[in-house]
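Look for chain A in each of the two complexes below; its partner is chain B in the first and chain C in the second.
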Partner chain A sequence: MKFLRYMGSPLEIAAVGFAALMVLLAIIGPLIAPHDPYEVDFFNRFLPPSTEYFFGTDATGRDVFSRVLYGARLTLASALVVIVIVALIGIIIGVVSALSGGLVDDVLMRFTDIWLAFPPLVLAMGFAAAFGAGINAAILALIITWWPGYARLTRALIVETKDKDFIVAAKAMGIGKIRTIIFHLIPNSLDVLFVQLTLDVAAVILVISGLSFIGVGAQIPLAEWGAMIADGRSAMSRAWWVVFFPGLAILLTAVSFNLVGDILRRELDPALRRREF
Partner chain B sequence: MNKETAKNVAVYIGQRVSLTAIALVVLSFMTFTLGQLVPGDAAVVAAGPNAGNERIAELRVEMGLDLPIHKQYGIYLSKLSRGDLGKSWFTHQPIWEDIKDRLPASAELVFLAMLLNVLISIPLGVLAATRFDSKIDGAIRLMVMAGAGIPIFWLGLILQHYVAGEAGWFPIAGRISFEYRDFSGSTGFLLIDTALQGEWQIFWDVLNHLFLPAITLATLFIAVVTRTTRSTVLRTLQEDYVTLARSKGISEYQVVVRHALRNALIPTITIFGMQIGWMLSTTILVEEIFSRPGIGKYAVKAITQSDIHGVVGVVLVMGVIFLITNLIVDIVHLFLNPRHRESVQGQ
Partner chain C sequence: MQNSNILEVESLAVRFGESRARAVDEISFGLAKGETLGIAGESGSGKTASILSILGLLQRATVKGSAKFEGRELIGADNKLLNEIRGKRIGLVLQDPFAALDPVKTVGHQISEGLRASGWSKKRAMKHAIHLLEEVGVPSASQRVNAYPHQFSGGMRQRVVIAMALAQDPDVLIADEPTTALDVRIQKQVLDLMKQQCENRGMSLVIITHDLGVISNYTDRIIIMYAGKIVEESNRLKLFDQPLHPYTQGLLDCLPNLGNSENEYLKTIGGQPPIPGKLPSGCRYHPRCSFTEPVCTQGDNPQLVPVKWGRSACIQLEKFLRESQ
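Moving on, here comes the complex of A and B:
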């Protein structure tokens, strides 16, 4: 148990390694998958994990390992799409709000506050169901529900930065407003935003897989982790591996992205640099 | 509270109340829009497969579908005010009646999950803070990380299969055992009803059915609160009044419990309050697994039956409860925390 005392670093190294591995698998996973994730083979149903099928096979004889690999791409790509779009919307609203001030600022921020006051999971479920259930419906639903946090954060960051000396200097040098915003204001707020983005990868993965599990996200034959769990649950007593491995993939991915976010926060945010947690 | 503060607090409460009121209106507008997004013609669907064109046209007028959209929204609002959320396609009951019948089961689950949350996360957080940087602290940190990253629907399936199924320590599913299926009470809350009637055996049975779903639901929240409790206790342990208490020779236990914990708990209580709404919405990921007849399971059932109005009804009810509990928590926080009260600024 001695390693627990020094857990900080080896665990963090493992987390960074695993997060990097997941990103790599999302890119090359389909290339190295030993089987076709959608190939049905009724002679090989519910085979336990073996050297041929590392994670066993499911109710229709599909290779769970290959499906988890394909799922890495689908899950991470969906999460990435959500987060990039949501961050863009949030940054635009936050910047406009912080720089215009007055009535525009008030209206935009009240609107953001109202949106922030709703429970995101429930709202995303409602939108995804109304859009007709599917991975695209879930992505769209999450974009609609997830932006306000970024608007609030960006506004706070910009308000904090906009009167700093280097911005005043940029203005004094006659640099245009839009140029100042894009090349000076936003980059100097990016570190904090980036920490939030990393932490949100984990949160979005959990919500997307949850939406797929209850049936408004990715639909069942699709190799998405949440949908795979939903698909395998009725046969758990016969084949635990169909449910176990996709869930483990979600757990490890979410934990490692959370840890990477924590590390980034510690390293990028001077106020938090004294190791508190 | 001096006059200045009292005025600020009043203004703040006024703002919070009006923000909530606006949010409620926005919510109603959203649920109205969600209902409109259903693909296909609502009148055709409502008329059924064998209806003629005349019947469909009749229904269109009856349902107000020929009216301009703002009038339809007005009708929707006046229906809402009478508690009319429409009719469910799969239970053939008014949706509000369905939800009302299922709310106690969900409330019971949230209550027990919150109880577990309080009983587990505060001691864990305090333990981690007082043993800062020790093995225990490290182990608790590991648990917090796992709890924050685990997909709870997966955890639920695994607990159900191994702890309830294979080990047989808890019932697999449902709210009450088959032999007690005829039990009924006046409140609908089985824990209260069984206690009122002195049916302690059934009470125990109900509690057993609640345990696994509640621990599943609580996991993420326990992780969050343990983490915050740890850091707030750590911070208060460095405050001057704690140093003073220590220098007076008071035992470390007294310092932690009487001085540090009491002050550290105020933000934690607020977090618990905010989590009520979150927990209720998270029941959509848990109840269906354990076949608990609550509104979370109702929502999932409505999804599988493509009953958009059932889903929207749950969105509305959960949204309203979420907004109102958070408003109450915010106001209570003002009265619990003098520092927060002083810092409030009216505009």
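Moving on, here comes the complex of A and C:
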């Protein structure tokens, strides 16, 4: 319970709790879902929330609660894949660029600029047109358009840190280059990177849902939050629950990951940390 | 004598970036085993640049000349050789103890890192770090080892930085302005500590400073630098009685004198040190020197020649010695 002591306000505890719950549901969701999320039942269309169907049913009688649970897995897994890959590509390119300097730096950064020029939404639509719309096309489009931010950010952080005295001091102690990068350069950039990462988990969730909503991401029968909202929006006036619960899931997940970013920033900076040794 | 020196610097020159001016201009000196050497001079005289260049720590600089550690050339050496020397044979205490510690790592991590890199187990290295912290006088070392730099005061940080430099038991300890950021009482503690550690370990000590008062009590031999050149080499017993260069005289006159300080302003040396690239002809000190003769303003910068108990670069040395008596 050491961890809980570091938490601040009840809001922060709730945020961490909710983010953890979402991750948990993404893992075990299918085990606890009361219904098959794809089972069509035309006799039970647009049922309001009840003890049988916690979040009601949609236009084809599918259980919204089960679909939200399945959606958690799909949405979080997609966001995670995107974030991990873009962070890896971006951090590696940023570190190499910052430490090489000169021509390598210029070439890598101009290359990064080229990719920075693609808007994710337009590229995703292009992919959908070229390869057929689907969640994979959306993920690919996001990866391609999202890593340049990390490359630029990491480069800026490393450039700022690499001439600091403590890096010279590490060098003067005979610490090798790789060790210096791993133990000093990257940890000193991690606080900023971590905040960016957690903020981006929220942003990626929103964009994936958005892409699915406009029809170039996950396709409609698939239990994905954005696609579910798109599916239910025509019946919003008589069955609010079909759009409300996936929307609520998107909102709370995005907000809680943002707050987790704030907490991480504080905990990763020894000077801001609440505990004293 | 040449061969008994652990560190032998020969015609060392440092240029920064694209500029043609030399921040350090062909300086030569030796350091014997167990010896204490002070390098003094104004800001920008090239003290720090010369030391950092020896260890290959200068960025964007061109270094020429030679610096041999136990006969092994360090200038232009590859990282593999340099990393065998850095920390393990030559320990460096950087100028600013506030900037020389990584804010996100515990001091224990930083002190033990060199040892960990050379294959010590974490437990053993941490134990040694605690021992070192005790040795440099950090109270309750076994707890403080897990603290972060921001939790230390200036004097304690300086001790931590010294412990870092001592961690791998080097043969030479180089301290760059080790007392600049500290108040006078702590200055003395830190200097005493370094001196004592050097005696205990048979280590050579180099103290770089702009404060002659500091090194006079702690170093046997003293080198005075001006505008990238060594202008005088002397020892602490003689330096204050009879400087061998007018610049040293000027520096000594600047020291506050407690004896007859009533209504007396501190003296300064008139003018500014020359900017590298706009060096005066002849002796670089001549525009500020009160012993200047026409011959001082002409030709190349005078050579450092052995005189009496040291070396001097003053071509009017006889006149200076006569008139300053």
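FYI, the second predicted complex is superposed on the first by the 209 of 277 C-alpha atoms of A that agree within 3 Å, B and C clash if a C-alpha of one lies under 4 Å from a C-alpha of the other, contacts with A are read in each partner's own complex, and residues count from 1 in each chain.
Throughout what follows, a residue touches a chain if its C-beta (ideal position, glycine included) is under 8 Å from a C-beta of that chain, and two chains touch if they have at least 3 such contacts.
All figures in this text were calculated on a predicted structure; none of them were measured in a lab.
Novice: Tell me the contact category for A:A170 with respect to chain B and chain C: first, second, both or neither.
Specialist: In the superposition, A:A170 contacts chain C only.
Novice: Tell me the contact category for A:V122 with respect to chain B and chain C: first, second, both or neither.
Specialist: The first partner, chain B, only.
Novice: Using the touch criterion from the header, give the chain among chain B and chain C with more contacted residues in chain A.
Specialist: B
Novice: State whether A:L103 touches chain B only (first), chain C only (second), both chains, or neither.
Specialist: A:L103: touches no partner chain.
Novice: Of the two partner chains, chain B (first) and chain C (second), which one does A:L31 touch, if any: first, second, both, or neither?
Specialist: Neither partner.
Novice: Which partner does A:F183 reach: the first (chain B), the second (chain C), both, or neither?
Specialist: second
Novice: Could you look at A:S237 and tell me whether it touches chain B, chain C, both or neither (first, second, both, neither)?
Specialist: The first partner, chain B, only.
Novice: Just to be sure I follow: which residues of chain A are touched by chain B in one complex and then by chain C in the other one?
Specialist: 276-277
Novice: Within the complex, which stretch of chain C touches chain A?
Specialist: Residues in contact with chain A: 52, 55, 57, 59, 79, 82-88, 91-92, 94-96, 99-105, 109-110, 113-114, 117-118, 143, 146-148, 150-151, 161, 164-165, 167-168.
Novice: Can you list the residues on chain A that touch chain B in the complex?
Specialist: So the residues of chain A touching chain B come out as 1, 4-5, 7, 11, 110, 113-114, 117-119, 121-123, 125-127, 129-133, 202, 206, 209-210, 213-216, 226, 229, 233, 236-237, 240, 243-244, 246-247, 250-255, 258-259, 276-277.
Novice: Provide the residue numbers of chain A that touch chain C in the complex, in ascending order.
Specialist: Against chain C, chain A makes touches at 163-166, 168-177, 179, 183-184, 187-188, 190-191, 268-271, 276-277.
Novice: Flag every residue of chain B that touches chain A in the complex, lowest number first.
Specialist: Those residues of chain B that touch chain A are 19-20, 22-23, 26-27, 30-31, 34-35, 37-39, 134-135, 138-139, 141-142, 145-146, 148-154, 157-158, 161, 165, 227, 230-231, 234, 277-278, 281-282, 284-285, 288-289, 299-300, 302-304, 308, 311-312, 314-315, 318-319, 322-323, 326.
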